[in-house]
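Look for chain A in each of the two complexes below; its partner is chain B in the first and chain C in the second.
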Partner chain A sequence: MKKLKVLWLSALSCNGNTHAFFNYPNLEYFLDNFEFIYHPVIDSEYSLEDIVCKDIECDILLVEGGISDDFLRANTPILDIIKKYAKKVKKIVSVGTCASFGGIFKGGAYNDVTGLFFDEEKKIDRLEEFRDKAINVSGCPVHPDILVNTLFSIKQELKLKLDNLLRPKEYFAYSIHNGCTRNEYFEYKVDNHKFGELEGCMFYEHGCQAPFTHGSCNKILWNEVNSKTRAGLPCMGCTEPSFPRENLFSTKKNMGIPQELPLGVNKRTYLTLAGITKAFTIERLQKKLIDD
Partner chain B sequence: MTPKKRQKYEAIIQKSLELFASKGFYNTTIPDIANSLKMSVGNMYNYFKSKDILAKEIIQYISVYLGQKIKEINEEDISTKEKTTKIIKMYFETASIKPEMIDYFLRIYLSNREVFVDSCQGMICVNEFVTEIMIYFEEGVKCGELRDQDFFSAFGLFMGYLGGMVFLKGENILPKELDEYVEDISNNIYKALSV
Partner chain C sequence: MIKLIEKIEGEATLDFNFKDEKIEFVDIKFNSTRGVENILKGKNALDALVINPRVCGICGHAHLIATVKALESCYKDIKISKKAEIIRELTLNFELIHNHFKWFYLTLFPLFGFKQEVLKASYASQLMGKAIATFGGQYPHTSYAVVGGVVCDVTSMDIVKIHSYIDETIKFFEKNVIDVDVEKFILCDNVDMALNSEGDLPKILKEIYEKEWLELGKSYDRFIVFGGNSYFKSGKSHKTRVSKKLPFEYVKEEKNKSSYAKNVSFKDKYYEVGPLSRAMLKKIPLIKDSHRRYGDSILSRILARVCEMAQLLNHSKALLKELDISEASYIEPQVDISKISASGVGAVEAARGSLIHKVELEEGKIKNYEIITPTQWNLAGGSRENQGISQKAMVGLKDEKIAELVFKTFDVCSVCTTH
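Take a look at the complex of A and B:
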């Protein structure tokens, strides 16, 4: 079986996506199908200097981390390395939110940190000629299944449907709220949550961004068992161009109304529904689920 | 509902409001309402199966009426200060033109909770009205005019003040007409709620 040749470049990054990738449960199967010509952590055939200086065959370019004109790898501007390989590859995959939109490094020491094709949600033209090759798999980090499945889709030459931020709809058409085990508490507006506990919805008080964040965290679970919201931590909206926001653990409200509403929900409709659901007092949801 | 039926439905609500205001809620019966509309009691029951259901639908009717008026103000491209004045003006106008409507809200809905306890839990029956007040507050905070605070502390200040004034008017205690208080009350409420 012909393996696709993959180059994984690390730009302004914490390597979080690399670490998440290592948790992919079928890594051997992945490596039967793909070969890293270079990866910053995994042993690979070529060094970074080889990547910069030599003309090496490559099918997919993966970039992890934010991009800045000033940022060098092997004494070469990262953008030059990206452009060199962007020309020859089939697809360019921005791995994680930093490479997709700029992410957390926008607040750091480097100037003008952006993603490859976007600065937050604004399109940028640094690599405009390659936009038709671009796929963003955002997340801090991206779920390894989403990254790997996307790479397999490329290998199988499937036509990936992308959203307006170039994310595969297969994974990003959903909201994180979809599949959350706290939906009952959301429906009846019960947020008597304590961090880490099973009970309560975290949208109303605790800053949970799941209802307006695109992704599949509650559909494709982390380590096959859990998600932030299931474990009792609010969704931090890490797949979105606005990540990271401030005050991740409290819901910004204006006179009691959450500033951000669930995706596509009109404010008047939301308030009408809220008025109705607040009328319910459901004792079962007011106390511990499993109470000894 | 056909337009003719809708007209009848509204006539029943209007007549009920008037009778509740003049005779009191408990002293008014379904036959009293039917008689004063020259309807048979049987036909009346085609519209409302019981007095409790009538009571509930009246409060919803008032909520929709006031909610729609505030919605129109909320959708205007004006400052929160101007909205405050307009909402208060509208509320006092309604209390002057349709005193029975506000009277029902204050004296029957708020004072006879046992009638509404099953079918109007929480604020379900005044949802349209409360929703628009919420939007008025929320947009005021968003544009930086109003101070962010708990909804009910603001709602209580707003509605308690207006309700109190209409109550005083109903008791014939106010020396002036309600509309003459609009400016002062708008200023007071706006100052109390603003940043």
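Take a look at the complex of A and C:
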């Protein structure tokens, strides 16, 4: 079987995507199909200095981390390394939210941090000539299934439908809210969530962004077992260009109504639905889920 | 000569200065920083719980726990249930074990000329990731520990699951790494005995013996541990002298002229942090024996890191038994954090050693934040007159490849160092 050659570059990052990738359950199968010409952790035939100096065959470029003109790897501007390989590869995959949109290290030590093709949701022209090769798999970190299956779809030359931020729709058309075990508390507007409990929805008070964040966390789950919202942690909106927003553990409200509403739901619809559900008390959702 | 060191969660350069064909001085340089402490300034206190795990993709959980402890120490009076304390300690243990497996199979193996064992590393580290995610929702980058406790509740089925992840990891560790029962291994007090089996650890140890590297990589023999908990003992030791008192005022961070990494010292002295220091303070029999014979060499350092996997797996089982799921996971603080103007410190033991977070809050907003990572202790780039821990460990070596091996036995984390 011919392996596709993949270059994984880290720019301004925490390496979280590298380690999220390591959680892919069937790494052996992945490594039967792909070969890293360079990877931040996995041993490769070439060193980073080889990548910079030599002309090495490559099919897919993966970049993790934000981009800045001043950021160097192996004493070479990261943008120069990216451009060198962008020319020769079939696809360029921005891995994680930093590489997709700029992410968490904007406003830190470098003042021009962006993603490869976007600065938050704004298109930028740093690598404009390569935009038709770009795919963004956002998330802080990326979900390993999303990354790996995107790579397999490139290998199998499938035509992926991408959203306006270049993310594969099959994963990013959903909201994080889909599949959350706390959904009933949301549907029936039971707004008494407390931390440390199985019950309740974090949307009303504790800043949960799941209903208006694109992604599949609750559909495909993390580490195959759980998700942040299932555990009781608000969704932080980490797949979106706006990540990280501020005041992440509290819900911004106007006149008692959450400022951000579920995807595609306007204020009137929301208020009407809330009005109806508030008129009822559903006893099951008022008490402990697992009682004595 | 300058050597680029990579695959250390980023990169560093080592500038080797030779005299009479021996390394006389190594200048350690980290060539970038992300400025996380600046990003935190002006933010709401609780946002640090989301930002700080992103300091590091491999030990971000330690940053979360250090953050929550620092924020909680800003309160005069705050209650945390025993249940929440245990859960936090468990998930941190799981991260340490996860990190050690990766270091052993991904970093150490190639340094001894063996093929990197990606699948072994991922098998065991994934189990530990699942155990963290069962409590915290996901790994890496959860923020499930919040001021007042943890966000999750735990059912008895969760405990059953976590138990199975620990047991599976122990089974894997016994079969692959040590080739003896974990219980026996923990009681072992003789390095020679650790050699007498077929596991991956003895494979490395035999190389060290054959290559006569037993005394390689010695430094100052000074150890420090800040993040005491139900298992680790905090304190510092030099040779056989141990002292328990560690006032944070004596911890000093200093800019380094040639590198973005700041140096850290205690009372103006450099100390080693990490598994070897923890084992010395805890007086682990096997490590005591290794240290008695070969000092703070790579042998002791490697053995301590591997031994810690066994100890923490075992201890986590005991902790899990202590967990009373009828207790509260979270106790809402009496005072809202937006009313708090105070300073706090949180110290935990991360995989590579003591991690300290210091915060200054003004009406719930972050006025100042300081992160001191383990690698800053071990890889401090000191002067020729006052060399850092890893610099000292490389002096006198003839070959920069061996120096790289010594350097990497500290389990270097570039992203943490250059937060």
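The definition used in the following text is that the second predicted complex is superposed on the first by the 291 of 292 C-alpha atoms of A that agree within 3 Å, B and C clash if a C-alpha of one lies under 4 Å from a C-alpha of the other, contacts with A are read in each partner's own complex, and residues count from 1 in each chain.
Throughout what follows, a contact is a pair of C-beta atoms (placed from the backbone, for glycine too) under 8 Å apart; a residue touches a chain by one contact, two chains touch by 3 or more.
Computed from a predicted structure; not experimentally measured.
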Once both complexes are superposed via chain A, do chain B and chain C end up clashing or fitting? fit
Looking at A:A279 after the superposition, I want to know if it touches chain B, chain C, both of them or none. Which is it: first, second, both, neither? first
Taking the superposition as given, does A:A74 touch the first partner, chain B, the second, chain C, both, or neither? second
The chain contacting more residues of chain A, comparing chain B with chain C, is C
Touching A:D43, do we find chain B (first), chain C (second), both, or neither? second
Partner chain(s) touched by A:K253 [first = chain B, second = chain C, both, neither]: first
Contacts for A:N178 in the overlay, against chain B (first) and chain C (second): which applies, first, second, both or neither? neither
Of the two partner chains, chain B (first) and chain C (second), which one does A:K267 touch, if any: first, second, both, or neither? first
Quick test of understanding: once the structures are aligned on A, what is the angle at the Cα centre of chain A formed with chain B and chain C, as a multiple of 10 degrees? 120
Could you state the shortest Cα distance, in Å, between chain B and chain C after the structures are superposed? 17
Please report the chain A residues shared by its interface with chain B and its interface with chain C. none
Considering the complex alone, what residue numbers of chain B touch chain A? 71, 121-124, 127-128, 130-131, 134-135, 137-142, 146, 148-152, 154
For a test of understanding, state which residues of chain C touch chain A in their complex under the given definition. 4, 6-7, 9-11, 31-36, 38-39, 43-44, 46-47, 49-51, 54-58, 60, 84, 102, 106, 110, 115-116, 118-119, 121-122, 125-126, 129-130, 132-144, 146, 148-153, 155, 161, 328-332, 415
Considering only the defined contacts, which chain A positions touch chain C in the complex? 10, 12-20, 22-25, 27-28, 31, 40-43, 47-49, 71-75, 104-105, 107-110, 140-141, 194-198, 217, 222-233, 236, 238, 244, 246-249, 290
The chain A residues in contact with chain B across the complex are 253-257, 259, 267-268, 271-272, 275-276, 278-280
